[in-house]
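Heads up, the next two complexes both have subunit A, just with different partners, subunit B and then subunit C.
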Partner chain A sequence: MGISVLLEPIILAEIMLQGLVRGSMYALMACGLSLIFGLMGVKNFSHGEFFMLGAYVMFFVAVFMDAPFILGIGAAAAVLFVFGVLVERTLIANLRRRAGRDWLLDAFVLTIGLMIVLQNLALLTFGSTRRGVPQLVSGMTEIGPIFVTNERLMILGASALIVTMLGLFIRYTRMGKAIRATGQDPEAAQTLGIDVNRVYTYTFGLGAALAGIAGALLIGIFPAYPTVGFHPVIKSIAAVILGGLGNVPGAIAAGLLLGVIEAYTTFFLASGWQHVITAGLIVLVLIFRPYGLFSSAKGDRP
Partner chain B sequence: MALEIQGVTAGYTKEVPILQGIDLTASDGLVTVIIGPNGAGKSTLLKVIYGYLRASEGEIRHDGVSLRDQQPKDMLRHGIAYLIQGHSVFPKMSVEENLELGAWILRNDRKAVASAFEEVYERYPRLKEKRRMLAGVLSGGEQRMLEIARLTMTGPKTLLLDEPSVGLMPKLVDTVYQEIARLKEQRYTILIVDQNVRKAMQIADYIYVLKLGRNSHEGPREDIQPRIEAIIREWI
Partner chain C sequence: MTAETERRSKSTARPRFLSELTPWRTVKIAIVLGLLVFVPYFSDSAFITTVFISAVMFGLFAAIYDLMIGYAGLINFGYAGFIAAGAYTSALAWLHFGVSPWLGLLLAGFVCALLGFLTGLVSLRLRGLYLALMTFFIGEAIRFTISNTPDVTRGMLGLSVAPFPDIFGIDFSRGNHLNYYYLLLVIGAAIMTFMTVLVRSKYGLAFKALREDQLATESLGISTTRYKLINFTLASFLTGIVAGFYAHYLGILSPTPQEFGVPRTVEILTITYVGGRGTLWGSLFSGFLLIGFQEYFRALGAWRLVMFGALLIFVMLYARRGLAGLKKYVW
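On to the complex of A and B.
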């Protein structure tokens, strides 16, 4: 097979689409991570486990209860939101209140601990079997010369919708404005009567819900098992760094970009190389644009 | 009535109190100025009043209501607004959004919010012109005006101003103090901490001098002003 076959526009377009699907998962994960980091400064290493829990919720709803997958997405969002709120209220808020300059380091260690605990609890409860759903949506659609599974279209459409809704929420709602204000100047926000502790809790819940939605949406590609969150969280951390720490739109763009780069790398080189390329890209970005591909040198906050 | 502070002791750690039994009253409708050398605890006192730092001893009352266990987020509801030291506009939000956040505690009372906007835009036409611009691109003086305008959105009774003129060029310092004079005419109760002793003195009705966390001198401006040179010489 000559290289010319590989460069057929149709094949390239199909791979691009695959990359965008994967990238939309990274983007959903990364915007939650970035939102939490941008607002609170917390690097949430248990974000991958929120993804894992979302996948289990979807499995439970779609297979056990045999309910439509839309319910599974809604349930994953709701369950993970509540879970995120509880984690923030009971664990992280306590560290924050104890204050001291090292609370962020404490929180970082805490989220690593939470990652280990959740992985092992999942192992105890669900075992190590992969629990997937063959297809959330069946059928194919023809777009010009390429065939796309409806499942992929659904993932792309749902991700786009959710990201757009998140953007509108942050821009126009009262809570969205409070989140932006608190991110830019928590002390000033407090003087205006904004309950910043509530804003932190809410934001953490929102970020967890986004990870849960990603896990639920992608169950057809990533079946639920205790450590399924590992790759997604590593890639979404990469997206957050590439996009510029705390820059949510940047993280989304970087997530999509990573997905596409990975798909092409896997196709042209071999599976496994995509991790090398991603890591290499991060090193280059950290050397030449340490503030991220999509941020200005002054830094970005939500 | 106004704002009364009695015997307040407070600090960042238990062992080292910054304030050691401070007494102070900011009377209704008057401008009270706190001056003192660096490290006297002037800004710390404002932080204690606003609930950022707890007083280990003493009492703080506003119109007879104790503020001791209140948090910063509750203060505006008690009628106290606080201009924190340094920049406090939300730079990546528009002027209008900044003012909207100033009216945060009015919640969804659209009528009250609309009339607050109307009043502020009438007083600060420049902010109305630039309402769609990001606050971060305004000049330093305009940002300070926005901060002051934002303070008054909910019609508080008492204003705490921490170094309102710091970091501004002399011409803008005059503008800021003219603005404070306007607020005084509107009968706000104002408590100012400022390094710019001369400027703060001009507008003061009553002056407190703090030194190492304790009351050192106090009196109406007429009493303190003639002695100010001598008082400042004590600091050095």
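On to the complex of A and C.
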């Protein structure tokens, strides 16, 4: 295959689309991570396990109960929201109260512990079999010269919808305003009568729900198995950092960008090197723009 | 400072160190050392000896990890990649250039030190999650480079490594576990002594200052950059030496995630935290506890890892000082 064939615009466009689908997963994950990170400073390393649990919920709803997939997405969001709330109440809030000043590094290590526990409990409960759904939506659509599976269109559309809803929620609802106020200044927010602990719990649940939705949506591409969350969590942490500390729109853009870069490097280089390439890119960004691609240099340095 | 006061401060340092060695404590140290030296010797079981080797080896890795995270607050999330670099350096130097594994240990140390220095250099401005991510990618880049160059490293097929050649008439053929164990004890004693002296010196104080408050440290005229580099370079050097031992003792290396990826880093991090960060010696004890536990409950499979994770969560929530928190009752 000559290089000229590789550079056909149609093929390039198809890879672009593939990258955007992958990127929308990173973006959804990164949204939740960035929300939690920006508000509480917690680096949640067990976010990938929330993704994994979402995928399992989807599998049981869509395959075992044979329900429509919309229900599966709703169920994943609900289950993971409750789970996130429980994790925050029982573990993170406890740690914040006990550990005092430098609790953030402790919280990071705690979520690593949670990651090991959840991964291995999943292994014990569900086994290491990959449980997937071949297709949530069937059929193809022709857009100009390229054919796109409806599944991919559904993933892109649903991600865009969810991100828009999140944006509206944060902008206009009472809870959303409380989240923004707490993010700016927790003490001032508390003085104004906002229950800061409740805001933290709610946000953590929301972030977990977003990861669960991502897991449920992508089950056609990433079947559910115990360690499925590892790759997404690393990439979405990278997206959060590329987007800038706690900058949710930046994290979304960076997530999409990472997905596209990954798709092109996988296509043009022998498999195995794409991780080295993305890693190298992120290392370069961390050296030259440690405050992120989409944030300005002012404010807190990492 | 005049020569006179300098000499006096030096002469007062020695009695302070000696005064910590009360008779009772000397006895306890002797008991621990005695157990370390003689249990594998008298047990006469290859299994016990291999468990002791794993425990000391991982205890050492965890203690070196503690030098970074417990003293200077530097989180190295690609630590297993550094171990891989050291192990492969010594193994490949022997395979391709016929370098004796004894020199290979030092060579591995120097290559790792260089890697640590470069890592420090590119992550000078980073802390916390940023540093974790940067080191993670560096570690993974090392691992992928090994697995993607099968012509040199045999990649995922696995590289078989020669045992140490005999030296001073001591037999180091594979299977002679006891001699490997004593070699490891000698290496470990040297490393632990070096690190203990290091953290008690002004370098140790600078590391702690770095961990507590970077800005305040800078304002006191201590170069955080300099001490960060020193910490990373020294810790990586020591890692390389233990990693070289790891390669020649194990005899086979492959760049899988379980051996040189995040699961391995997490394992070492757990040992460090359970032992108690900022103590160095706690890691050695928790190495024995956790590796022993792991070997004993081998039949439990994944439950073992669930308990590992739960233990880590428990330590973070309720016992932040880890095993070192028990020190006042037994030591």
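Definition applied: the second predicted complex is superposed on the first by the 297 of 302 C-alpha atoms of A that agree within 3 Å, B and C clash if a C-alpha of one lies under 4 Å from a C-alpha of the other, contacts with A are read in each partner's own complex, and residues count from 1 in each chain.
The rule is simple: contacts are C-beta pairs under 8 Å (C-beta built on N, C-alpha and C of every residue); 3 or more make two chains touch, one makes a residue touch a chain.
Because the structure is predicted, anything quoted here is derived from the model rather than measured.
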First (subunit B), second (subunit C), both or neither touched by A:Ile287: second
Partner chain(s) touched by A:Arg152 [first = subunit B, second = subunit C, both, neither]: neither
Touching partner for A:Arg131 - first (subunit B), second (subunit C), both, neither: neither
If touched residues of subunit A are counted for subunit B and for subunit C, the larger one: C
Touched partner set for A:Lys235, first subunit B, second subunit C, both or neither: neither
Touched partner set for A:Leu91, first subunit B, second subunit C, both or neither: second
Which superposed partner A:Gln184 touches (first subunit B, second subunit C, both, neither): first
Contacts on subunit A seen with subunit B and repeated with subunit C across the two complexes: 301
Contact set on subunit C toward subunit A in their complex: 73, 75, 122-123, 125-130, 132-134, 136-138, 140-141, 144-145, 147-148, 262, 266, 269-270, 273, 302-303, 305-306, 308-313, 316-318, 320
Subunit A residues touching subunit B - in the complex, by the definition given at the top: 174, 177-178, 180-181, 184-185, 187-196, 301
Subunit A contact footprint on subunit B (complex, rising order): 50, 52, 72-77, 81-82, 84, 87-93, 97, 100-102, 104-105, 108, 150, 154
Contact footprint of subunit C on subunit A as seen in their complex: 37, 43, 91, 94-95, 98-99, 104-110, 112-117, 119-121, 123-124, 230, 234, 237-238, 241, 270, 272-273, 275-276, 279-280, 282-283, 286-287, 290, 301-302
